[in-house]
Every structure is written in C-alpha cells, then in structure tokens.
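Just below sit the structures, each encoded as structure tokens.
Both complexes below contain subunit A, partnered by subunit B and then by subunit C.
Presenting the complex of A and B:
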C-alpha cells in the first residue's frame, strides 16, 4: 500500500557495453532474480522494469533499457539514449577488448546525452563475470579508481550476474547519484568510493568479490 | 516454378519442403536435368570459400567478426541444436564466410538466426522433425552434413541478397520499414496507432527486432518455417510482404494493446508477445490478413499515406 506522503521517482537507465559482456544477464538477475548461461543476443533494445523501495518515503521505479552490444556501429543509440537519467557501462573481465571499448561507449553516451543541467549523466562501470577467476584488471595493473575519475564514472563494481554479486549495490550507487544530481543540480557528487568489507588497507573498489 | 509458388503459398508439406525451398529460393534451377550438377558445383564452390577464407578468422582484420559470431552462436534460438559442437562449427563457418564475402554489411547480430530455419528444414530430410530437438547431429554421415551446410549457406545468401539494406551501416532498410509499418498501421487501425502514440511507445522500440530478425524472435521456430513457405512463394516476400505481416501481427493484439494503459506495460507486452503455443493455424490467419492488407494498399501507396 502506498502511503500518503510517499514520493515516487521514475528513472530511465541505460545498460550499454560490447556484445556478450552480460548486460541482459545482469538485468535478468536484477529484475527476475534468475540466471541462464544462454540468453539470446539482444536485438535493438530490450526493456525491463524494477521497483525499489528506496526508503520509508520514496519508491523508485527503474526503467532499464538493455541496448544491443552491436548498436554503436549504427546511429540507433541516439534514439535509445533520449531522456535517460543514468547508465551502466558493462565490460567482461575475461575479455580485455571489452574493457578497451568502455571509453568508446562512454564517449558515445556523453556526446549524445546531456542532463538538463548541462552535466553528463551519472554512469557506473560494471566489471562483470568476476566469478570467472580471470582478473584482467589486476593482471594489467589498471587502476580502476583512477580510470573512473579520468573517464567520469561515479563508481565501479565487480559484478557477477551468475553468482548475484554486487548488482543491487551497483544499482543503489547509481540511483543515489541520480537523486543527488536531481536535488542539487549545481554541486557535483563525490566519486563513489566504498571500502571493501575486509580491513584491507587498499581502497580499490566497492566490490565484494575483490581478490587480494 | 510458378505452379510451385502458387501451391507453396499456403504451406508446404514437410516431406517436400527441403526440395521446394531450394527451388523457391532460386538456389536450384527449375530444370530437372541441371539440378544435380548445380548442387555439386555450388557445394564445391562453398567449400572452396571455406578453404580460402576460414583460416583467416584469427587474422587481425577478421578476428572481431569471428569473435562476435562465436559469442552469438550459443545464444541463438533455444529450440535448436545450438549446443552441439558440430552444429556450432557449421554455423560459425556459414556466418563467417558470408560476412567476409559481404563486406558492405559484415556480420550483424540477428543474421545468425536466419541460418536456423534452412538448417533445420534441410536436416529434416534425414530425420523426423519431432526428433530435431534431441537429435545428435554428429551421428549423420560427414558428407550429408557438408551438403546441408553448403545448401544452408546458399539459401541464406539468396535470402539476404533481397534484404541487404537491412544490414548495411545504420541499417537503412530497417529504419525505412519501421517507418512504413507506422504509416500502414495508422491507416488500418488508427485507434491502436493513437494509443501507442499517446503512451509514447515508438515503433522502433519493438518493431526493430521484427524487421531485423524477420519475426523469428516473436514466434516459435515451427511458425517461422511455415511463414517462410509463403515468403519464398511471394514476390519480394522477405523484403516487402513481411511488412504487411508485421502490420497484421501488431493489429492481432489490438485488444491487449488497448487494455494496457502505460508505457512500461505496453512495451513489456510488445516485446514478449504470448505466442508460445502458436501453430500453423495462427500463421495462416496472420498471412490471410497480411494478404488482404497488401491487396488493399500495395498498388495504391497513397491510400496509406497521410
């Protein structure tokens, strides 16, 4: 039952990244709480809806737009991006080429979409398939926090749609930044850096599956 | 061949479908005496392509294409035999060779689906259709599989020749057809059209896939095969008649569409249409409706222009 003083927000979120990185799997996990290793390749755009009880006063409805990985090569993304409030950019930690494509996706996004206040839309980077045990990031010594800062991501997470790791957390992070950018259009939000649960001295990621 | 087209329009019996499809697609000549030699020549030609190009799949300029195909194959229609290594290999070769030989489009997601109906129909020459789902393809003789592979390649190529602008850069064919679908629907069912418009549902959001995958994602495989009997009998079946089928398909759900009262629900419905139990009957009705539309509008384009 909806309370009288409850506020409702509706946000359109994009999920983009190269083909086969697990965009559809992340959404299915998030929305339907299940996983299949063989979702069909997305054609054009797929649509899903997730309702979050954000806090006692706020309900957040998320429109998730799952955009086909090959779309960057056409001009369709411009149509799909319209009026989005935030974005997840996904890559596959087992395939370095998909990480290299992240900056291209970010550029594509920022060149076609700007918030009404003139800022780029908040974007969270997802390093998916972290259950696979092949950690391209660490092997390459890429400093993810640095990378996020340089490329304008508000945060990053190591995720696994298969093992249900960090997807809810990533979403809360993105929504938090969207709400903040809405309520305070001038001041920007600090990049999201959450310390790992363990008493690790390194502040590397928001990720629960970070392997030290 | 005209006689065959007429007969095939309303559905081809399983038994003769493989040969009928090869004839209708233009792969086999109508002349009986030349058929066997054509088959042999074309099959040889295909495997010469394989020999010539397939090793280049890991070359720098082709590895992206190959990798995309490799990722997409296990993600195809769940109904088919896609997880058998033998089938995966065959599909990878067919798609890679096609992509290399058609650089204007290259491999575009969705094209992978278009091999399946040919492959399944041609394999049914050797097994019962009911067995397809759990049939071990590697139990067929190597030579038979090679023939099926080459035949599937050529028939798929013929199909794609007719709709190539669907897959060239920015997919202009699809953009155009989605636009035409919108115009057509606004003429034949203004109420549905207005309803979609009111709730800000754009045709591109659901019909892109209808065009890109020729409705294969919207109906079960058995229905696609039946649909293709007609598409191959109809002049410009895949490129033009398909548009009328899409319009009939959309309007088919008018009741459900008009009941949905918001953008979210509408789009989720349109992207997940309940066709799981569809059979030949449903397709026949759809095709009859499409034919009526074509008859009413095709020769009078101004009828459906605003």
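Presenting the complex of A and C:
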C-alpha cells in the first residue's frame, strides 16, 4: 500500500463543546459515514481514527478525541488534552446557550494546551445541527467571522452530522492549518488566521480556506 | 517541592528522578526492574497536580513512610456456581416470607448470581429497598407507602407549568439533560428501542422524579445508565424508582459537583493495584497514567458500558451482595487491569494508547472469568499476613476480632471466602528498617522500608 517516499503525519485532534451538541455524531459521521440520533452519551473520553490521503505524498492519520461535555467531568477528562495538535469546538445552532459556552471552551483549551512554538493550537468552530433550520445565530456571516477572529479560531463551518454537511471540509481546514503551523514552527501562524471578508456573508464556508 | 525535599529528601529526589527515568530508579533500588516501587507520596503529587484539593497521602504519621514489598502468593483457583434458582430462593423463606438465612443466600448470589425470573424480587432486597427480615405483609405495606410517596414527588414536577419552568432554570436544565440522555440510553435494548417505547417515558419520569427526591444532585450524566437495567428488571415505575434511590445512595458521591467519590475510588484503586502489582503501577506512572483516569467510565457507572446488558445484570447483583469484602468492584478493576498488563507493557503503550486500549475492552471482557479472577485476588489479599493498613481499610477487613460468619450455610465455597481469624491476628506492623538509613530501600529482604530522614 504505502509508497516509498510517502510522508505520514499523526495528529491528535480534540472534539469539545457542551453536552449534546453532537460531538460523537460528528466523529461517527466522519469516521464511519453513518448517523444515528441514539449514540450513547459519552462518559469520560472516547477515541476514533481517521486516515486521510492528504495528497500524493502525504498520509494523515487523525486521532479524534471525543471528550464528554458534562462540565463536572472536566477535571478528569481534561488530562487528555495533552499532545493534541488541533481542536474542533462544537455548538448546537438550535441552542444559544451552547454557543455562549464556546468562549469558555476555547479559553479552557488555550489555558491547558500550547504548541511547541508557543502558539495556541489551531481550533475550528463547528455550528452543528444546521439542518434543523432553527438557526438563530448564523443569520450573519460577518459576525461569525468577527467572532472567530476575536476568539482565535482559524475558521468556522456550519455542519450537520445528520445530513453530512461540511464535516470533511472542516477537517481539511483544520489539518491544513496544523500542517502549516508544523512545517514552519518558528514563524508565527498568524498569517493563516482568518481575515474577515466583507463579502463572505454567504454561509457554508471556512473563510480561511476560501482564499486557497 | 523544596519543602517536601527538606522533609523527605530521599523520597522526593527519587520520586522526581523517577519521572525522568523510571528504569534507573528501578535499577538503583533493586536489580529486578519488577521490584521498583514508588512511594505513595509521589503518587499523591501526581494526583494533586491534576485535581486541586485531592489528598492521597493519608498517613497517620506525617513524613513517615513505610514501604513494604509484600508477597501475595499464588492466585488461588476459583470456580463459580449456577445462578440461584427459584426453588433455592423459596426454600430459604419462612411461611410469612422472611428470608431465613441472609448470609447464605448472599453467598449463593455472590457465587452464581440469580436466575432472571428471581431478579425482580431479589434485587429489592439486595439493593436495600426491602429489609431482609421483613414479612410478605410488611413488604406489601411498605410498597403501598412508597407508592404514595413516589406519586407525590412525581406530581411536583408534573404540575409545574410552562410559565413556572421559565423561572426555574435548574429544573429546566435537569429536564433538558434528562431528555437528551433518555434518548440515548440503551436504545438497542428491546425495552427502550423504537420511537414511542413506553420504557423511554418511564426512564424519563423516574429520573425527573429523582430530581424532586434529591434536587441538590438533580440529574448528572451517567445516572440514566444506572437506572436502565434496574427499570428493565423491575418493569414497574415505583419499584424501579425506589431501587434506583437505593443504588444512588451507593453511587451518589460519584456524581457530586466535586466528584469526591471518583477521586476516592481512584486513590483506593491505586493502593490495591500497587499491592497487587507494583511493577505495573510503575509502568503506568512512567507513562503518566498512574492516576488511572482511564478507569473513569468503569467506576462512574459500575462497568455499565463495559459489558453486555445481560452481563451487567449478573455483575451488579454479585456486587450488591457486598461479598467477599468491601469495594469488590475495585478488585474487579484490578482483575481486568492485571489481565491487560502483559499487552500494555509488551507493546509499550503510552498515555494515549493505554486509554484507547482500555476503552476498547468494552464488550470484550468475559464476566464470569473476571468475577473469578477478582474473587481470587480478594482471597490473596485476605490471606495476606502483612496486608497494609490502607488496603485492609479499603477492603473493610478488620483485624483480630473478626470471625468468619459468612459460611454458616451449607455452601462449601463459603468456607474459602471467610478468612480464619488467626490470619487477621497475625497481621503485624510492618517491619521498619533499623535506623532509617538510605540503605533501607535497598534491602534485599522481602520487606523494604523507608523511614524519615
């Protein structure tokens, strides 16, 4: 299978966010290409693997760490943040409270995890359950871009694990940023951080990936 | 660290050093790497680093460390028996419905579990909803009272109007959590599958009523996992509720804000594992996994996710007998870990891989095998002449005066489970090295000790 000069990367990615926002469903969709509304609530931490043929020379193996959203488990689950190279922070577009918690999750992440070059780990924000139509938060793409910039997300996506919307795209976006920050560890990853685009008010895109 | 160093230079230095290279510590202390030990204070450090306010070092004399290497001897062979039959159950009841020999019947349940038809009745005793010495009539009265009490509490949340709930964020949060979790609890089980299964409504209503019973705790993730098998067996809302209440009495601390129950159990487990297999403990520590967080799910919901639904019914009823010692579930953890030790160490699993491996054991563990192994470990420990005080406290083995009263029945295996009093009497204070020199740690004798500087 493996070609001679193929490079292989292994990245540990965290999937965090409030309880019931669909973290497990996103991972199952991404890894097993299926969906069920009845996945068990995650207790503690779960784990899944996804192999990406990134390009002709590169294979990327992703370890996806599904961290329980229940707040009081935090003390014991956050030890598993270590060595992560990137993160998805997920909220549920039908529940505003889960969006309000996003900054809390991001701060928590940044306080516990720093890349070897001293930068925070790249994080992508996922606005999940976008198929449900009750989208009270996403009516303005510019605001979300602004939010991402202010809170240090490298991009954001409207996703649906149920309808398989944007999950692959979000992952590619995150991996791209990880590879970029890795290949040039000395230089700042700042240039890769999103710039608000005034014309990017159309949904379903990662503003950062838009450029490429 | 500096202060600790002043107090216990050897332990602190070696402890910190061993973080750097466990192998060297091992070879300094003894030529056999499997003998390497780390003082409990090192473990405490580790836990304290991650969980604020956590204390592991419960030594009576501060600054005084006694490290002993104890030989537990060979693991005895253990066999299990058939589940208790309806006939055996009835035979042990008098004409008014009192259980005649409680210890005997518990012994049988411990050794073989219950046949399924008996569970509905026997679990009520095991969980403490029915007193063992009650008559049939007393139980009927109790159930009547408890039914009223249940529906009184159920009415409390049922009668909250939408308007009221808008002003009650805690109730709203509990309700939303419960709805989320009921929808994803054992949905492949016949009792809970499909969209409009009455089992789902019962699960929901009981959990909501539990919030009224204990509003401070309310609902925390994991509780639906504990209720589901109980409700499945009871097939009755009120009985399931009160059995759940009794089960929650045992499990309450796991779910509290500070998760004290979880912390305590992890510490206790590390004590037991250290006695059983200090080499494996050291390995786990060398992989930054000494605090055993990978056992989190096992402990939080008593292995519920690790075994099939049917196996969980068996496992739980065995644990509810509280035999052969306190905290038998921790010995189950030890049994599983000991079974996996070889692979974990041979393949040199690290921090992430250990968790992954342990998580993936789910549905792969043989329940009867692991019950045998845990029982064997309990016998090893109970027969141990130099059982450390902490371990005997965890297992609830009091020295001297305890006599084996659990083998009054005809069941011959009972005699093996009880521990002769003479053994307890011989539990001696650990041998302390003569004058607390550093050499104490390197004594070739079975007993090693460290004394204060």
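Worth a mention:
Just so we're on the same page, the second predicted complex is superposed on the first by the 174 of 212 C-alpha atoms of A that agree within 3 Å, B and C clash if a C-alpha of one lies under 4 Å from a C-alpha of the other, contacts with A are read in each partner's own complex, and residues count from 1 in each chain.
Just so we're on the same page, a residue touches a chain if its C-beta (ideal position, glycine included) is under 8 Å from a C-beta of that chain, and two chains touch if they have at least 3 such contacts.
This structure is a prediction, so every number in the text was calculated from the model and none was measured.
Annotation for the three-chain superposition on subunit A: subunit B and subunit C clash.
Contact with neither subunit B nor subunit C is seen for A:53 once the two complexes are overlaid on the shared chain.
When both complexes are overlaid on chain A, the residue A:12 reaches subunit C alone and has no touch with subunit B. In the superposition on chain A, A:183 makes contact with neither subunit B nor subunit C. Of the two partner chains, subunit B and subunit C are each touched by A:63. The clash between subunit C and subunit B in the superposition falls on 272-280, which is one of the stretches 20-28, 272-280 or 416-424.
Counting contacts by the rule stated earlier, residues 19-20, 38-41, 43-47, 63, 68, 70, 73, 75-76, 79 of subunit A appear in both its interface with subunit B and its interface with subunit C.
Listing the residues of subunit A that touch subunit B in their complex gives 19-20, 38-49, 61, 63, 68-70, 73-76, 79, 97.
Residues 50-51, 177, 180-181, 183-185, 187-188, 220-222, 224-225, 255, 257, 259, 262, 291, 293, 296-297, 300-301, 305, 351-352, 355-356, 359-360 of subunit C touch subunit A in their complex. Partner subunit C is touched in their complex by these residues of subunit A: 12, 19-20, 37-41, 43-47, 63, 68, 70, 72-73, 75-77, 79-80, 82-83.
Against subunit A, the residues of subunit B that register as touching in their complex are 67-68, 71-72, 74-78, 83, 108-110, 112, 169-171, 202, 204-205, 208-209, 212-213, 217, 264, 267-268, 271.
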